[in-house]
Amino acid sequence: MRDYIDVVGSSTVFAFSTVVAERFGKSSVFRTPKIESTGSGGGLKLFCQGVGMKFPDIANSSRRIKASELDLCQQNGVHEVIEILIGFDGIVLAQSKLGVNVELTRRELYLALAKRVPNPDGSKTTIENPYKTWHDITPSLPKIKINVFGPPPTSGTRDAFSELVLDYGCHTFEWLAQMSQPQSAVKRDVKDKKALINKQKRLCRMLREDGAYIDAGENDNLIVQKLNANPDALGLLGFSFLDQNRDRIKSAKIDGFLPSFRSISSGDYPISRPLYMYVKKAHIGMIPGVEAFIREFVSNKASGESGYLLRKGMIPLPKSQRQAIEQRMNALRPNGH
Amino acid sequence: MNRNLAKRKRAERRFRFYGIGAILFGFACLLILFSDIIGKGHGAFFQTQIQLQVRFNAQQLQITDPTSKTQLDNANYDAVIENALLRDNGALLDAELPALEKRHLLSLVSTGAVYSLKTVLKNAPETLNQTVSIWLTADDDVDNYVKSIGRDGQGFSGRLSLQQQKWVERWVENGQVRQTFNTTFFTEGDSREPEQAGIRSALMGSLYMLLVTIGLSFPIGISAAVYLEEYAPRNRLTDFIEVNINNLAAVPSIIFGLLGLAIFIGFFDMPRSIPLVGGLVLTLMTLPTIIISSRAAIKAVPSSIRDAAFGLGASKMQVVLHHVVPLAMPGMLTGAIIGFAQALGETAPLLMIGMVAFIVDVPADLLDPSSALPVQIFLWADSPERAFIERTSAAIMVLLAFLITMNGLAVWLRHRLGRGQ
Amino acid sequence: MNSNSGYNRLFDPMAETGQPLDFAQHGLGQRTVGNPFSEKAKMSVRNLNVYYDDKQAIHDVSLDINRNEVMAMIGPSGCGKSTFLRCLNRMNDTIDNCKVEGEVTLDEKNIYHRKQDVVPLRARVGIVFQKPNPFPKSIYENVAYGPKIHGLVSRRAQLDEIVEDSLRKASLWDEVKDRLFSPGTDLSGGQQQRLCIARTIAVSPEVILMDEPCSALDPIATARIEELMAELSQNFTIAIVTHSMQQAARVSTRTAYFHMGRLIEVNDTRRVFTNPEHELTEAYITGRFG
Amino acid sequence: MNSNSGYNRLFDPMAETGQPLDFAQHGLGQRTVGNPFSEKAKMSVRNLNVYYDDKQAIHDVSLDINRNEVMAMIGPSGCGKSTFLRCLNRMNDTIDNCKVEGEVTLDEKNIYHRKQDVVPLRARVGIVFQKPNPFPKSIYENVAYGPKIHGLVSRRAQLDEIVEDSLRKASLWDEVKDRLFSPGTDLSGGQQQRLCIARTIAVSPEVILMDEPCSALDPIATARIEELMAELSQNFTIAIVTHSMQQAARVSTRTAYFHMGRLIEVNDTRRVFTNPEHELTEAYITGRFG
Amino acid sequence: METPTLIIITLLCAAGAYILGRNRASDIASRNKQGTLHSLPYYYGLLSAVWCALPCLFIVLSWSLLDGYAVHAAIVNLLPENAQNLPESEIDLMVNTVINLALYPNALISSSTPDYLIQAGQDYLRWQQLSQLSLTVVVLISLVCAFSLSWIWIKPKVKARQQVERVFQWTLLLCACIAILTTIGIVLSVLFESLRFFQSISFFEFIFGTHWSPQTALRIDQVGASGAFGAVPLFVGTLLISFIAMLIAVPVGLMSAIYLSEYATPKLRAVVKPMLEILAGIPSVVYGFFAALTVAPFIRDSGGFLGLEVSSESALAAGLVMGVMIIPFVSSLSDDVLKAVPQSLRDGSLGLGATQSETIKRVVIPAALPGIISGVLLAASRAIGETMIVVMAAGLAAHLTANPLESVTTITVQIVTLLVGDQEFDSPKTLSAFALGLMLFMVTLVLNYVALYVVRQYREEYE
């Protein structure tokens, strides 16, 4: 017997989902949903275990669901899954307030953090990352050691970072970008092609393992504190942590933009990722309040441009997009029998 | 001989000094940790409140009958608060506020303030359409700001705009701001608004879990220890079992979570996130500690006592229950104290069975979803809101208080039992 | 050396305690010496071998202990007296490395039989250990423990009575009556020994095994315990290990002499001390030994 | 009652062991009886009061123990003999609830002085406890322990020698020489007692306190220990608690009689047994007591 | 009646059975003259109580387990034909809805709620009542039966004591089995996945490889680390950190225990011991923060002062703090066993003129050694199994180094990071966590065997 909504998934979305759940619990006749922070992958895995009261109704994810995960859902009888884009999360490169201001480009970040980088002599080969200080990469940058605290590979933040920064930075090198084009692998069978692409990606996205990038665990507050203790270090954080700790840390300009609600929402600030919510259609109308909860989530009050989630650091969708979703939700009726 | 003696005396003094040093070291660590925690967390026990003149305008509230429960539930308190805030700042404001600033002004009061208005109106329906002076809970940003003002003259402005800071400063000057004891922290469940967050549900969750754990692991642990020490024959197999139990203590706690997930949730089909499962997992985890220490304690009971009892014709059960267990009880309790202390602070296995969750409602029984104190600490420590930092430490203090009470009981018991010897 | 003179001295009841013991009064000498084998043996031991690990401590001992007799066991230290005694109520079961072979019967039932329940056995065959081992409980609890577990009493008053009676018999009552509830382990050595005696007789076992029960006692207390034994032997059977030949002579009807784990000789006490059959026995009782 | 006849019997060296002890040979009787007070007291006790919690166990005892004498302490069980003995090397310090008042001097130095170090004191004043308490170590280790901690030996061979010598003196060597490395706790009661004696004499203390050292020993072993005492007393001072008056008579030069925590009488042994000054003493030695 | 009430009633009845059984036994005894009863009356009482309570508790428990299925089936029967033919999982949901509707009619029933659901809800409530009622009846009947049976059962010849003792012994055995089953469960839960892991990664590579970087891509578009599975750096890291921790905990813990049990007054001991025990109860998150934010920077700065290159995530910081955490494991357990060594042994040594410390070192500690080793092993186990502190203070980077000033990682940390978050049970990445678990289990097993052997060798058994 279950009379509450069961939500699992991303720890990033957890921070927002819980706010909605709490308000929802207080203002509706339904019980407050239970929200588990399992990480996007773990959540979707649980979510796709099946239909029924034993299984979660909603999965949060800080990335889009994968085909393999959808397959799993299908296999287990979860046929209809509703995807809802709820907003964006910015990823910032922060440093202690005492540190020297840095302005970086994604290319520089790539050069600073990738395991193998293009040979500086201009030949089309890669070498083990030789850069010790930022200054080594671009002479205008300060002469401080490259030291970046960041989350471990299990984290969605890290995923987004490699995709949005490393990949991008990597592809600013023409020859590297070309290599990763599928065309370059013509006339090979699919498996080979895949392998090649994979190799390319690994080339671009592999992080240094020599201590310049420091796995600092999943706890962003810890990173904030560590930055505070190490004025020379940079750290990868969720935007909301920057928002709450502006007296201690500041963010580096990336590609000329500082992260802010506006710059992230408009897409000027380059490192941000979409946040999703996946709902089992079969549970709507069966578990009390599922529909109402989603409605609350996408409402103007919550996710609108001045909604309460904004204050929690979630970057809202553009108005048009959000309204489209709201309409889609309104069209949703419990599939009554 | 004399030189030798002097040397031995020095060794003796040194030895004693090491003993004192060791204890002092332990104490110093405890002291440092405690002062660290208390220093960070004491602030959470106080909550900033703002005094406002609230007019319960029936029209704004959209109610007609202040005694009707449904009407009270659905009334629009936000409008009343907004009105009060605007009027309160009337002197500052020449013109109509732009929408953004209005929102800023509104955000100075906790979103939970509406509930206090509801309570006031419910308790005194006659105040409808009257103006009452009410202390409302401030937003966590204001709380942070006001609390940090005291220390260095300048507050942590964090997320407050200049305008907002000015408003708050004016309240401070007018004496419209006060710090009260934060009862919410003890009476409420989790919340994402720091000023409304409490540890009640986590505390109850921990309590339920611990009840299960104590109720199972202590009797099972000492029974197993008694069996292995007093009944089991000595052979390779029992050696193997002994070694394995010792070995269980080194199994990372998360693996116990995996085991619990497989057995209780997978096989027995129990729901996720419930204290019963948590307690069972922690039982499995604390068993080795209790068994090992109980065995050590049983081993330490001199065999002449057993002889004496056997010689009088006591049966094995009587020897065990009348002599061995009472004499070994202090040692068994020590194991239990340490085991439960560990269980009380453990997060990793709970991760596997879904207890790392946002749960607001206070669990009513063993089958209600709940979190636990260490989980609450873990979650708050990972929350972006600044005010959660002190709440994290405060929650740790509560956990420690819980621990100390529990240990206190056990220590008292141990002391009582130890005196009989 | 004249062993007869040794005997005379040994049989002088004043020899150690200096207190005259009236044989007739205690009915000791006459009764049992008069008809030593008239009744069936209370306990009988056949071909007993006891090993500690590989070391054999008792070699092929066969011995009968008759009803209502006091059997004394003497022999040099380390010869296996305690080991033998412990076999009589299977206390050796509690020693891990101890292995017992042979047959021991109590009222014709083999106590080493597979199905024998040791609990009633030990209630029937009580033991006082060589080293006093009071429970770390109060004096009262020490004595009351046996009656309690055997359900000998139903009311507290009865229990009080048994405790007082047992302590009196062990002549400890006067010394401890004011502090019945202080720990038994706080007593002096001799007091502990008497406490252990009181504890054992409190359950009125049919056979009482005593391992040097007077070793820590002064002559007066010893005399009292000897009186107690005389009294008890009217209804019960007693086996006592002692290293005092005077004591053996005073209290026992028959005496067994052990030497290096072997039973050398067992006979009427008077006979053993006056006219030992074996030269080892003679050597021991005349002190020529070793 | 004729106490004289009692005395005669008591002073017959054959009385208990049945073994002739030659006074002259051991130089026991003559030397000490000849000049009992010629030397200064080795230890002297003044106004000693000992309390266990509120209960007073020793009442105002003053007593001298002379150099090279064997002082026997007798008295009924529980009268405070062990307590008194333990005061002489401050072993009472280890009992939590025990409080000692008064003065005890060793070679004229108060051992209860605030600055007195108990470690050398106890090395000089050794003790054999009433209940044998071997360490749960091998027999060898038990004896070697003292010499080792006091650094009396530098080589293993020396240590072996001391161990063998001490065990021989305690007449345990023959019984244990094949199993020196098996645990001391596996020995029989009497063997343990002798082990504890060997352990104590291995460090050659100046004063040896023995609390019923022969209680678990057969007459032959007792005789050997008594010989040992005689031998030791030539160089050392011995205080022995015993409940056997024969033993006191045989081995001691002076005897102290304790009663309910009070020192009733102390005198030349012969005198105490033939012509006691106090009626309590007389009552005790003639067995009329109580 | 509610289930808890039933349980209480059963227990009360058991208590009653105890009294009645005991009295009946005494009756029989007095009628047949003393001595004919095999055991003491109270054993018959205990036996009656056991026979009374066990079956009824069994009924109650199994009923409440099966009750769910029965009610479920009953509700399904109440649903219309088409709903009954839905897949199992949806029927589940449907049943859930019915129950919810029945329990919260005001909140959940709206005009659009189908009638049959509301009807089914009502029926559910009736079913529920019926079930509870029949349970009550069954339990009461079986109570009466058990009662009368045990009444008849009580005969002088019945070996009540033996039976009670046997029940006692079996209960103990059962408890011991739980610990054993847990071991088996743990082994099984890691064994199969480990075997799968070793199908893709060679055992030798795992055991002897010196490069650890398991975070391979789980998804096609994800890029992880290089995917090396050499566990040597983890073993070295674990050893290093545990070693540092033990270096703190064993001397400090043991010396505190010694001081408390041998030197301190009982009062001081009563205060200090529980205080130290608090150290074990402080959540490891707190230690983690402390290590990462206070100790690690301190070590780095002082190292820098001495001209040493210290990583901001040094093994030293994690090890030190972990050592503090496990002090009570050593101190409290050792204190108890030291206290249990008989005073006569101390007397024996002190009487020979040993100093107190010599007595402690040579007599008391050897006599208490097995217990002390237990405590130390427990502490070591805890150090090996601890995660949080290392994650926060030492990090996740697997460096093969024995230098405590560098950052290392441990097996448990890797297990946790591999198991939390994205997992894929067909990739070596997740499976490697199990292999690590298995290896850890094996290694500690060997260590424990060694410890057992050592204790056996040096065990000094006092009486």
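Should a chain be cited, it is by its letter among A, B, C, D and E, assigned in written order, with residues numbered from 1 in that chain.
Just so we're on the same page, contacts are C-beta pairs under 8 Å (C-beta built on N, C-alpha and C of every residue); 3 or more make two chains touch, one makes a residue touch a chain.
Each chain and its UniProt protein: B = Phosphate transport system permease protein PstA; C, D = Phosphate import ATP-binding protein PstB; E = Phosphate transport system permease protein.
Bear in mind the structure is a predicted one, so any value in this text is a computation, not a measurement.
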{"item": "Set of chains adjacent to chain A and to chain E", "value": "B"}
{"item": "Pair sharing more residue contacts (C-beta pairs) when D-E is set against B-E", "value": "B-E"}
{"item": "Identity of the most central chain, Cα criterion", "value": "E"}
{"item": "Centroid distance [mean C-alpha coordinates] between chain C and chain A, Å", "value": "86"}
{"item": "Where chain C and chain E are represented by their mean Cα positions, the distance between them in whole Å", "value": "50"}
{"item": "CA centroid of chain B to CA centroid of chain C, Å", "value": "62"}
{"item": "Two or more partner chains touched - positions in chain A", "value": "2, 38, 54, 218-219, 222"}
{"item": "Multi-chain contact sites of chain D, meaning residues that touch two or more partners", "value": "119-120, 131, 149-150"}
{"item": "Chain E: positions in contact with at least two other chains", "value": "161, 289, 342, 355, 358, 420, 461-463"}
{"item": "Contact pairs between chains, per stated definition", "value": "A-B, A-E, B-C, B-D, B-E, C-D, C-E, D-E"}
{"item": "Residues of chain E touching chain A in the complex", "value": "82-83, 87-90, 92-94, 96-97, 99-100, 103-104, 107-108, 112, 114, 213, 215, 217-226, 289, 292-293, 297, 311-313, 391-392, 395-397, 407, 417-418, 420-424"}
{"item": "Complex contacts: residues of chain B adjacent to chain C", "value": "234, 303-315, 318, 322-323, 327, 420-421"}
{"item": "Parts of chain B lying in touch with chain A, wherever the complex brings them together", "value": "99, 103, 107, 111, 156-159, 191-193, 269, 271-273, 354, 356-361, 369, 379, 381-386, 389"}
{"item": "Complex contact set, residues of chain C against chain B", "value": "89, 91, 93-94, 96, 118-124, 126-127, 129, 131, 133-137, 145-146, 149-150, 196, 199-200, 203, 205"}
{"item": "Contact set on chain B toward chain D in their complex", "value": "1, 4-5, 8-9, 12"}
